[in-house]
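By letter and in written order, the chains are A, B, C and D; residue numbering begins at 1 in each of them.
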Amino acid sequence: MATSTTAGTAGQRNHDTARLLVSCADGPGIVAAVTTFLADRGANIITSDQYSTDPEGGRFFLRLEFHLPGVGDALGELREAFDREVAQPRGMRFHINDASRPKRVAIMVSRYDHCLLDLLWRARRGELDMAIGLVVSNWPDLAAEVDRFDVPYEHVPVTRDTKPQAEAHELELMGGGAFDLIVLARYMQVLSADFLDRIGTPIINIHHSFLPAFAGAGPYERAKERGVKLIGATAHYVTEDLDEGPIIEQDVIRVNHRHTVEELTRMGADIERTVLARAVQWHCEDRILVHGNSTVVF
Amino acid sequence: MATSTTAGTAGQRNHDTARLLVSCADGPGIVAAVTTFLADRGANIITSDQYSTDPEGGRFFLRLEFHLPGVGDALGELREAFDREVAQPRGMRFHINDASRPKRVAIMVSRYDHCLLDLLWRARRGELDMAIGLVVSNWPDLAAEVDRFDVPYEHVPVTRDTKPQAEAHELELMGGGAFDLIVLARYMQVLSADFLDRIGTPIINIHHSFLPAFAGAGPYERAKERGVKLIGATAHYVTEDLDEGPIIEQDVIRVNHRHTVEELTRMGADIERTVLARAVQWHCEDRILVHGNSTVVF
Amino acid sequence: MATSTTAGTAGQRNHDTARLLVSCADGPGIVAAVTTFLADRGANIITSDQYSTDPEGGRFFLRLEFHLPGVGDALGELREAFDREVAQPRGMRFHINDASRPKRVAIMVSRYDHCLLDLLWRARRGELDMAIGLVVSNWPDLAAEVDRFDVPYEHVPVTRDTKPQAEAHELELMGGGAFDLIVLARYMQVLSADFLDRIGTPIINIHHSFLPAFAGAGPYERAKERGVKLIGATAHYVTEDLDEGPIIEQDVIRVNHRHTVEELTRMGADIERTVLARAVQWHCEDRILVHGNSTVVF
Amino acid sequence: MATSTTAGTAGQRNHDTARLLVSCADGPGIVAAVTTFLADRGANIITSDQYSTDPEGGRFFLRLEFHLPGVGDALGELREAFDREVAQPRGMRFHINDASRPKRVAIMVSRYDHCLLDLLWRARRGELDMAIGLVVSNWPDLAAEVDRFDVPYEHVPVTRDTKPQAEAHELELMGGGAFDLIVLARYMQVLSADFLDRIGTPIINIHHSFLPAFAGAGPYERAKERGVKLIGATAHYVTEDLDEGPIIEQDVIRVNHRHTVEELTRMGADIERTVLARAVQWHCEDRILVHGNSTVVF
């Protein structure tokens, strides 16, 4: 199967591990209830991270990775029991995911290849725990490159007039739960509110500035004009407000007066691909919880 | 009292919080046992960090910060119960510390003032949760500066011949459990194995290189000679092997061919004070567990 | 004299060196003309930096540091000859400064001590080539601290009603060419356009965000709210447009969801003082040329 | 031609620019002599960098990039005139290179693909001013990957017994001035002193540690063992002393106790490819002068 080449190697699979993400109102006894539930079933907690915005009256977040032989086949039952015994009595929101199943990912891209190639290459070498199942582009340019990774490439042209039809086509290709994540790897079209409503899948975008500075178009040009001494990139979840969604990761690189806009663009590309790869990795490892318009990254 | 001026402000005290540090052989049920013990007593876990070198047969490390009204007065009882009910059955090593009591710290220094001043100043503004009770120096130079922070300054000269007597004097000044931590803030004398055996208090040193590069004397001179493009500093616990103890924190700064040894020394001083302050802060917040010759920093 | 204690040590003085800064329309032969002028007088160029926005029709910037025995006493004559022989024929703007004379600096501050103390320490150590001659504050709080450095402290209270009189007093204290540089070391009052017009001295401000993000008030609060993963600081020349002047230096530090606004403020303080110290150092070493609303830093 | 696809785009060529590199004993009048020589021929200096280890009795280094219509066709004549009029009288060593001619580069690699692919991508995008003409590997693994870039791939197996013959073959492939630079992109064989003597071409190696720490084999394993908080990579010119040649560039990334050796290896790979790309770029732009066992990078 096409996508198998981009998934991580079997040696990195954790066949008997799962991840539990919890958020709820903070209060005494939450961790004890959760960990006792798991201990009673023979699970061994491998890693645990938690955060509370305020021990009194705040919001509580928890991520547990646990080892439990055969957990992959017993997820449905485990979720049901956890919901009944632990989550419902405390009004928790939770997910339990099989850590051995790589996330199914679709990538949207326009003409710049650096973020796309970096993700394809990292997936192939097993760095990112995901299976890239599709690349969608409004340009045909990168088809041959993607073909080398045995990943299907769909060219969906978008013009002002055809945007509704194009998005309908994209929804067919990527909607309906076929993917766990969509990554905008320098996709230069704005997705409509309607598309975002209907896709039902989290979307990560890479913006080529350290937001909130230089939101919108032409960030490197504006960085040059303003004379900043650092340029950066920001990976964030996509919401209806352009460049305003919850920030997952950011990084910057030092620049100086000698750098032209063209050089800023080239240097920035290195930051973009690194920042995006980290954000995608964290999402695929179930490390991110959204809290209002911020993220908790464990 | 002299040291009171350097402790954090009362507003930052957590009067009803304590910290539990645990290390033991990994296995199922540890977290459940610990958190159930705390939940049964009405404690609310504020933060929790854990790490296992290997879920099967590895070493397990845990740090919990919990809120429990009146915990400061009930520490003895709590420790005893925890020891009996949780720790002994599982062969755990543990500490429970009152988070509201600042660590008592002594600083040893020679003639460079940058690390010393930075610690005194951070303590005064309440950044570091510690009370600096004494500064010991083999030089008299910095006495006036320290006096301004209302901290006692002891001048203990050290020569090759008087080193045993000097160390005996230092043991009197700083030994016997009078301090929770000793910080070598660019103290240029090597402490003897005998002193280290007898002091019974953890000691943090700042070394002016990114260890293991340039261990020993003259690191900036040797960095210039080798033509490295980064210089750094390392904070580590002191052991009998000079510059070989468990590393707590490191950082670096970019340099180039134009920088003279004098400039490297100046630029490095900024890294030294920052790295040392972080290491001291983490120690004072009970964030560091030593594992062999490494540290786990939560 | 009071300020002498904060100036660099004599050992670091370059008694026979001067610095030439040039900007002009780019074109062939500029460097040859300048360096031939200097060579003819027996000067040896120590360092040279140049930059052109565009070799054809762009703006050219040059900084030369040169060694010429006795140059300190011959500056007037040298400037006149350079103006006549080199600068006027090419429409150059230029400065020639005696590198052995530390810049005279006044600092304005409100109640936060971190930037002020860092500058005082660095000046005392001889790190910054300047003599701090005055500290002006709208609060009395830091008088004792400054007094320890033998620097005069002027308390000039500012209220909405008394602002014109206060600024008139500040102009008396710092105007008339008494200082080469004014540093706003977290001075929380906005200086009026009239003051800026009349002071006739460059002013460097430190803003506690990575501009253009979070210009204006409350940057750490807004950084927390937006959920950024980096916070920063920006040193810039002051212009009439608040937080819009030419940026000299910026830096950032990584933060995460766990950091409270109070912790962001504390971590940011370390970046603020470092960034400000670098900007002040570069200014004092005649390394900065303003180009439109940007800086060229050699 | 095969290599044309990896060279930069024509739009980035500077057809009328050349670069002059000079090193000599420092003394008055050098810059004036050089720049007057160029000005007399109508050249316009675009960028100029210089450095002196000591204005009195030190070593002087200069890099000039200048614009001179038709310089590409007049290099021989220009070199001869410069040698006669400027260089010989002052005992200068110098190079004048045509900035419009990309460097011809051969890459040696074993089985890790990250550094190789990164260089191929960057060259294809026109980021690096070079034409990759050959990849030599002691393994056949990466042949298909390299073939996609239309670059020849030579598999030269090396065993203990066949090393002399293998190196003879490599000399045939890469010697005789066919290349301007050889890059060891994680080539795991040690090149013999004899090979280095005879190849007559500079060689850049990437080592997977921040030298001088962890020179030799297994740096990530040793980094884990020592518990360092930063790992890094170093690009350096190859000399007969393994991992001891002049350092061109270094960088580091923060790690912690949670990272396994496998993760250090993966994170380090990102640093390795970035550091190597910078070093290769600087070499291809004639920015590096070797000074003893250090580098001056302009």
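Convention: contacts are C-beta pairs under 8 Å (C-beta built on N, C-alpha and C of every residue); 3 or more make two chains touch, one makes a residue touch a chain.
Here the structure is a predicted model, which means the values were calculated and not measured.
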item	value
Pair sharing more residue contacts (C-beta pairs) when B-C is set against B-D	B-D
Chain whose mean Cα position lies farthest from chain D	B
C-alpha-based rotation, chain C on chain D, 0 to 180 degrees, nearest 5	180
Chain B-chain C separation of Cα centroids, rounded to whole Å	37
Centre distance in Å when chain B and chain D are each reduced to the mean of their C-alpha atoms	43
Interface hub residues of chain C, defined as touching at least two other chains	47, 51, 258
Residue numbers on chain D that touch chain B, as the complex places them	51, 210-214, 226-230, 232, 246-252, 256-258, 291, 293-297
Of chain B, residues touching chain C in the complex	47, 113-114, 117, 121, 125, 127, 148, 258, 266, 270, 274
For the chain B and chain A complex, residues of the former touching the latter	26-33, 35-36, 38-39, 42-52, 55, 67
